[in-house]
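Listed next: structures, encoded as structure tokens.
Each of the two complexes below includes chain A, the first together with chain B, the second together with chain C.
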Partner chain A sequence: MDTAILAESLGKTYTRRKRADGFWAGLRAYFSFESETVAAVSDLSFRIERGESVGLIGENGAGKSTTVKMLTGILVPTHGRVETLGVVPARERRKLAQSMGVVFGQKPQILWDIPARESFRLLKVMYAVPDDVFRFTYHEAVERLELGDFLDTPVRLLSLGQRMRCDLAASLLHAPAVAFLDEPTIGLDVLVKERVREHLIEMRRRFGTTIVLTTHDLKDITATCERLLVLDRGRLLYDGSREGFEQRFAVGRTLVVALEHEADAPTRRALEAELSSEEVTFVWDTPHRLRVECARSASAPRVTASVLEHLRVADLSVQGAELDAIVTRLYRSGKAAAE
Partner chain B sequence: MSAVGFYWALYRTALKSVAEYRVDFAVGVVTAISMQLAALTFYWIVFTRAPALGGWSSGEVLFLFGLTAMILGFAEATLNGIWWLPWYILDGQLDRLLTYPVNSLGFVLLSRPELHSLGNFCAGAVSLGVGWSLLSPPTYALALVPLWVVSGAIIYTGILVVVGAVTFRVVGPWVSHLFAVHQLLNTSRYPISIYPRWLYLLVMYVLPFGAAVFVPADFLRGHGSLWRALVIPPLAAFGTALVAKLAWDNALRAYQSTGS
Partner chain C sequence: MRALAAPTFRQSLAGFVVLAQKTAQTKLTYRLATLITLLSSGFAYCVFLLVWREVYRHDPHAGPLSREQMMAYLVMAFLVNSALIMNVETRFLQRVRMGLVTGDLLRPLSFVFFQMAQATGDVLVNALFAVPIYAAGLVFAGSALFPASLLAAVLGALSLVLAFFIAFSVSYLLVQASFVLQSGYGIFFARAALHQVFSGLTAPLVMFPQSLRRVAEWLPFRCEIETPVRLWLGHAELGDAPRLLAEQAAWGVGLFVTGELVFRAVMRHHQVQGG
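Entry: the complex of A and B
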């Protein structure tokens, strides 16, 4: 496979003037030329092959956007080397742009007063999209993302969700070899998010698009990415498959059981005795609610079977194995370690 | 489809955006014409007191006034986007633009035409016409007017771009630095001979608006040579455009973008 994106000890530091609190101190800072450097991203190395779909996640301020901006050529890195589709992005920005699609979920359109249909037409000219490709991508976007109802409304009058859909469609019209999507599902409702994910999957299936997805909605990643890059305070915390991430960082699962009848003491003891060989902890929240915290080594099916056998169960759910829960725990532990 | 085709399509689309705001357009045209009329009234007062201003007669000054207004009008109707640069940077639109396979400067410039500039352009054309009828320069010189207007517009915009490149470092919704340059252009509405030497050098050589206004006007009033009027304006335009491009590219390298 060809390499789509290559980063070697990539780093970006911002320079900003030193600021101090307070009115006089602030005024003094206005006339001083003292500056400080802040490292947004440091020592980032990874390689993404063509056709891969990679989720880039991290807390607010972890350096995700800065990374994306360096990969797309908007920012010039202060350290290290980056290559996207074989070119140095900031140096050959326009050449790269021809085969790159970008969505910034947070940033408005320049041509704000014209309908999406006209923007699309302009983009077709800008990228010189061949007719047959355009026919497919345009149709696919309009159908899948249900743009039909507002294609002729000026962009400034659209809702956030409608605008986001138009943005996503616009960024993929030229069937780019690589797409950078920075929070493409921000402000969308659950159903539309689903549509967006389907659109990404379809474009990838059809054109083998390499996708780099930044998001705070981890369901986006579960649906579309096989690989994860996790950033933490500007450094790479994890790089590998999504399953690998789950295995490595998932500490366990919790079985949440709602009981029909209160369990008496002998029943509880019998259940606990039966599962004594497993690494589990019983937490009797209320008379009608039990949580069984299973360590990674514990067998969830066995625990579940025993629970069902001994207790009258009204409802049952397993929590904690999802990406969401793992990442939340990871962020929290990262913060604790930093303090 | 060539790059020219794209920029043309972009410009047409941008014009359509402007047409969305019809009231804005009407108010803008009226304002532009009133402001030019106010300036003309000032001339009129001057010329009722004195037959000439710095050695220029009233008809000759109309050449200066007309060319300056036409240049301003043409620049605003085509390359006006530079005035939006601070906003493009602030709300992150520039980031998006940098991911397009076209020249970012060209895109910025063409993205925001101002239709009310028609007011400036027409006021300028009428003034030039009146001056023309008073002094009747050679008719073939009419064919050179577009060259002067386009050269002047490129110089005007080029200087705005150089100054605007500062915006990349001093981020904020301010256009006062651009406005200062805009005011400097207006110096070319008055005879260059009334200015102190440093200002003369500034507007002729450093910020060469003068090259596209004074040199042609000198020729029209029968002082300068045709050769100078033919060569100097486009040459100054080319030079300014080159410096503007360098300044822009240099500023982009220092660009820090905004958060998120």
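Entry: the complex of A and C
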């Protein structure tokens, strides 16, 4: 398989002036030239094959956007080697741009004062998109992302969600070989998010587009990516399949139980005695709400059966096996370790 | 893997033209704001012309030019200045501050031509407004505003194109400062002040004290305004035209190349604001 993206010992450091809070500190800093070096990304190595769909996740400030900017050629790495579609991005940015689509969720890429339809026409000419490709990508975007109602409205008058959809459509109009999508679903409602995911899947199916998706909504990842790169404070914490990630980092599940009636002490004791052989912890949030935290070794079906047998259950759910629960736990543990 | 191909010249040219068109369209969106700017600066300049007219009424030999020549010069200087107003700096500064410049860096059109296409769009709209300014100028300058000859008109027009190239290149060079300073307002105001003084916008440089004229000779600003105006009005000898045009071309190319070199150096160290 061809390599679409290659990063070897990639790193980016910034130098920034030291600043302090308050007016007087600000005044002192004005006359000071003290600076500090901050490592945004350190020693990042990975390879993404052509056609892969990879989720790049991490906490705020983990280095995701900096990584995407180095892969697209906007930033020059401080050290290491990077290649996207076989070229060094910062050196051959124009050549690469022709085959690359990029969305920065918080930075509108299409012209602000004219309708999106006009921006799309501009991009068609600028990228020399063949008519048949444009016909497909344009109609796919208009239909799938439901752009029809506001295509002729100046972009500055659109809502965030409408603008985001236009930005995404614009970035994929030329059917790029690789698409970097930095928070493409930010500010979208659940239905629109679903549409965006469908659009990405369709573009990938049709054109074999390599997708690098950065997002804080892990449902985006679950729906569109089979591989994960997890960044933590600029370093690569995990690189592998989504399933592998879940197996490696899932520590267990939590059974959340809402009760019809308050459970008396003997009932509680009976339940706890029955499950004493399992690695579980009982947490009574209120007399009507119980959380049973199960270790990975615990048998969820057995725990569930015992709970249903002993308690009058109004509602029951299992949490913690989902990707976002695992990632949340991972972030928390990372923060705790750092502190 | 299929090797990536750089965009062809034809594709780049088409992209340039359509981007210029869309920028012009954008500029026309804010018609009331554009009209207010035009009217207010036009009013200020009319007052300025009236003051000069009054000076010449008291002393017909107030300067080396006749009253008609002076009025024609000042009207043409205002016209050229208005035509060359590009929003390169303001647009760019805003985009750097908000981190939006990333979008410009990710297009198949080179960054400098991306900026130049937008500047061309600005100038296209300015050209539309130049017609009424020229007509209004006839009130002050009369037939002295007409080109001295057909050749003078051609040379003036050619010089105006080169003036655009210089003005753009100066702006392009200065916007690199925004990458480094994150806010380039100080530099842009400095440029505006130097341009105001040394371009010949307020008066022909021949009326300046010798010391200031010497400074002006070492700066590109007079090539933006004074040179095209002198060629159009026939205030420059035709024999001087090749030298004046060559001087403009040299400034244009020099500034353009310097801007590109600085851009490449800056790109190695710049930061993108706003995450």
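A few remarks follow.
Note that in this section the second predicted complex is superposed on the first by the 315 of 339 C-alpha atoms of A that agree within 3 Å, B and C clash if a C-alpha of one lies under 4 Å from a C-alpha of the other, contacts with A are read in each partner's own complex, and residues count from 1 in each chain.
Everything below uses one rule, namely that a residue touches a chain if its C-beta (ideal position, glycine included) is under 8 Å from a C-beta of that chain, and two chains touch if they have at least 3 such contacts.
Because the structure is predicted, anything quoted here is derived from the model rather than measured.
In this superposed model built on chain A, chain B and chain C take up the same space, so to speak, and clash.
By the touch criterion stated above, A:S65 is placed in contact with chain B and with chain C alike. Look at A:D2: by the touch rule set out above, it reaches chain C but stays clear of chain B. Of the two partner chains placed around the shared chain by superposition, chain C is the only one that A:R50 touches, whereas chain B remains out of contact.
In the superposition on chain A, contact of A:V125 is made with both chain B and chain C.
Once the two complexes are overlaid on the shared chain, A:L85 sits against chain C while remaining clear of chain B.
Residue overlap on chain A between its contacts with chain B in one complex and with chain C in the other: 14, 65, 69, 72-76, 90, 93-95, 97-98, 100, 102, 104, 106-109, 111-114, 118-119, 121-122, 125-128, 154. Residues 1, 3-8, 11, 14-15, 18-19, 22, 25-26, 29-30, 98-100, 102-103, 105-110, 267-272, 274-275 of chain C touch chain A in their complex.
If you check the complex, the residues on chain A that touch chain B are 14, 65, 69, 72-76, 90, 93-95, 97-98, 100, 102, 104, 106-114, 118-119, 121-122, 125-128, 154. Taken together, the chain A residues at the contact with chain C in this complex read 2-3, 14, 50, 65, 69, 72-76, 85-87, 90, 92-100, 102, 104, 106-109, 111-114, 118-119, 121-122, 125-128, 154. The part of chain B that touches chain A in the complex is made up of residues 1, 5-6, 9-10, 13-14, 16-18, 20-21, 88, 91-93, 95-103, 107, 111, 253, 255-257, 259-260.
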